[in-house]
Amino acid sequence: MIQPGDLIASLGSWLRGFLLSLGLAPGLVSVGLGLLPAILLPLIGLMMAIPLIWLERKWVARLQDRIGPNRVGPFGIFQVFADMVKIFTKEDLIPQGADKIIFSLAPVLAIAGVVGIWAVLPFAADVYGVNLDVGVLYVIAVGTFGTLAILLAGWSSNNKYALLGAYRAVAQLITYEVPMVLTLLVPVLLAGSMGLNDIVRAQDSGWFVLLAPLAAIIFMIAAQAEVGRAPFDLLEAESELVAGFNIEYSGMKFGFFYVAEFLHSFTFGALGAAFFLGGWLGPGSERFPILGVLYFLIKSLAVYFVFVWTRGTFPRVRIDQMINLSWKLLTPTALGLVALMAVAERATQGTPPLVHALVLLAANLFVLFFALLVMRSMSRAARERLASRQAGSGSGMVAVGGSRAPAGAASALRD
Amino acid sequence: MLASRGEEKMVPLSWYLVFSAALFSLGLFGVLARRNAVAILLGIELMVNAVNVNLVAFWRYLAPTRMGGQVFVVVVFAVAAAEAAVGLALIISFARLGRSVDADQADLLHG
Amino acid sequence: MSLAQVLFLIVAAVGLLSGLMVVTVRNLLHAALWLIVALFSVAVLFAMLNAGFLAVVQVVVYIGAIAILIIFAIMLTRREALRAGAQENRLWPVAGVLCALVFLGLAWSASRLPGAQSGPAQLPGSDALVALGTALVSPDQYVVPFEVASVLLLAALIGSVVIAGDRLRSR
Amino acid sequence: MNPWIFVGVFLLVASAVPGFALLFAKYLGPRKPTPIKSETYECGVETHGPTWVQFKAQYYVYALVFVVFDVELVFLFPWAIVYRRLPFFVALEGALFLLILAGGLAYVWSKGALEWA
């Protein structure tokens, strides 16, 4: 029987012994070892982009009945490396009239805004960067750097399309941040803590996706929009804005925006796994941290796959539909959900877990049902207004914007 | 915990206070010297932040057991957000009137 | 000098320098970006003061929301701003002297404050975040300011939409 | 150790690595700037007029609503972690807070400030 040793802990103790044998001061060694993950983890996070890009390209290709990269190496697994070589050796172009420093700063901010989240990701019971007591808010705070990066990129490029793309992008990101923050309140409510590892531990008795499926769904939609991928890829709509905010970027700088997008999607997958799918929890994960990491990766990839699936399947929505979906459907629904969940959770405190879970589930279904009911009546009214307008052509001005949207929202949700 | 490793020399409270005083004065200079209304608002934000640093420093150094200092900062955040929202709305509205964003020109109510 | 002091001096220097840039740079958008740097260094100071929640909220609220609102407003009023002539008031040297006096007065009174040279107090062992949450919602503590703040924000929302909304719409 | 030291080092590394990569790529790649090459890219058409096109003011209204919502929601997090230890009406207090928010949303919606057009 192999000793159930923690690989990372034993590695750490070996390293500590090695460094102490070199004659370094014990205090210095423990500080250095404490900060070692802070140096390694961002590197690991960045490196994760390499397999992810290959994986996603293959996945999307299969979903769309294509083959995907297949030239460089078996199954094209070395495609990303070839791309890296290409991107490293490309000329570093800065368009005329650009704000040079800000132009170069934006891609760095974009990467930092994604990789920074990895500092609080709980990979296993004892494998995490740091368990901040404000972890959830930290995730939101780091995410704001991504928004800032896009605004800076669009502004500094001295290009109309880049600027337009940046406006759109920022409008989309801030619009979807509201339902995102609201749904993140739900795991915090249920776990009674903002630390990501505490939230994972709180799901020992039941994954939060079972207690709050509606919150998980809203989280998924908002996350897809926050990353800016189809059907919410308006910020780089090729057919309208050429390439959006990163139009003037080439070479390594473009590469960073590209990497940031892929990593962002996966990071939201990991967050979804931690918030709703029980993170590293699973049989034997407490004793074997490596199993916990494995569970966490599998769950993250599962959520990530849903993101990729969505991306590969849906056409792009119109901008008014996109805005309306958030303000008029997701935000009110999430507001009602959080309020109802708080009351239901508090009211069923002390009852058996099954009753507790069933009450919360019922609250979710009630909110979902109510939202769908309101949406149906609204889209019916919109259809009637549209029909009457077509019948009596030009019989006065009719406000269309708001009414057309719920119909779009309805179809987005139904699928 | 940087500030509580007993033996080391701490950052004294006065450093925070001096920093906050300097930031406050810079903000005040921005408010007094700038003409553009948005720039004046930037100065106000600096002043508000200086006050927040003071509040948190006093909380940490003098009364970490009572949460009044932090609650005060939370309320200041809310007020700052409200101030920025209304202030910028006023400035934009004024600019849209075809005038300027020069604070000296805002004399519509001037008899 | 200890590590904490060096760290504080670096952060403070960055904050003050960017604060200076905010009030002197001609390009308003650059001023807003410098403001973001200043706000971030204040957030770092909050973290150094063991107020993690406030540090994170500073980033979320100030950098993520207010700074973006300001940048949008600058972009919206850019044409009007270009039309204006000088950036500074004629009396800006007077203002500079005045502000220097204010700084000296504040710094002097700060250094004379009892306990100004003291180190930080012992942190309570309990969770500061829980204490803050309890303080915010307990009726015998700060629930009234908390709810009033939310009503204030609601009023600000309504007010600014009334002020800006119609004018923006009619264009 | 203050956990924020870890976060600080982490963020520093996370932004230094791409920074160095950018520098590296800059010296690795060729550099032959020509006026044509550094022109603003608009799919081949020459750019016309100033870059600073007047943008849709509606974006500003969304930013406005967002600011108010963001600030209020952030303050709900401390409530969310303590409300279970406190009496029942504290949960209702948070719900009241959310109701105020919902009122704001309803007002803005009915005012038509959320319409895209």
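Going in written order, the chains are labelled A, B, C and D, and every chain counts its residues from 1.
Convention: a residue touches a chain if its C-beta (ideal position, glycine included) is under 8 Å from a C-beta of that chain, and two chains touch if they have at least 3 such contacts.
Since we're looking at a predicted model, the values are computed, not measured.
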item	value
Most widely separated chain from chain B, with each centre as the mean of CA atoms	A
C-D or A-D, whichever has more C-beta pairs in contact	A-D
Whole-Å gap between the CA centroids of chain C and chain D	17
Distance from the mean Cα position of chain D to that of chain A, given in whole angstrom	14
Whole-Å separation of chain centres (CA-atom averages), chain B against chain D	21
Where chain B and chain C are represented by their mean Cα positions, the distance between them in whole Å	4
Contacts with two or more other chains, residues of chain C listed in rising order	48, 50, 52-53, 57, 60-61, 64-66, 68-69, 72-73, 75-76, 129, 132, 134, 136, 146, 149-150, 153, 156-157, 160-161, 164, 168, 171
Residues of chain B touching at least two other chains	1-3, 74, 77-78, 81-82, 84-85, 89, 92
Touching two or more other chains - residue numbers and ranges from chain A	132, 134, 137-138, 140, 170, 174, 177, 194
Pairs of chains satisfying the touch condition	A-C, A-D, B-C, B-D, C-D
Chain D-facing residues of chain A, complex	31, 34-35, 37-39, 41-43, 45-46, 87-97, 104, 107-109, 111-112, 115-116, 118-119, 129-132, 134, 136-138, 140, 158-161, 163-164, 167, 170-171, 174-175, 177-178, 181-182, 185, 188-189, 192-194, 242, 247-248, 251-253, 256, 319-320, 323-324, 327-328, 331-332, 335-336, 338-339, 342-343, 345-347, 349, 399-402, 405
Residue numbers on chain C that touch chain B, as the complex places them	1-5, 7-8, 12, 15-16, 19-20, 22-23, 28, 31-32, 35, 38-39, 42, 45-46, 48-51, 53-54, 57-58, 61-62, 65-66, 69-70, 73-74, 76-77, 80-81, 83-84, 86-89, 91-92, 95-96, 98-100, 102-103, 106-107, 110-111, 113, 115-124, 128, 131-132, 134-136, 141-142, 145-146, 149-150, 152-153, 155-157, 159-161, 163-164, 167-168, 171
Chain C residues touching chain D - in the complex, by the definition given at the top	44, 47-48, 50, 52-53, 55, 57, 60-61, 64-66, 68-69, 72-73, 75-76, 78-79, 129-130, 132-134, 136-138, 143, 146-147, 149-151, 153-154, 156-158, 160-162, 164-165, 168-169, 171
Complex contacts: residues of chain B adjacent to chain D	1-3, 74, 77-78, 81-82, 84-85, 89, 92
Residue numbers on chain A that touch chain C, as the complex places them	102, 132-134, 137-138, 140-141, 143-145, 147-148, 151-152, 155, 170, 174, 177, 194
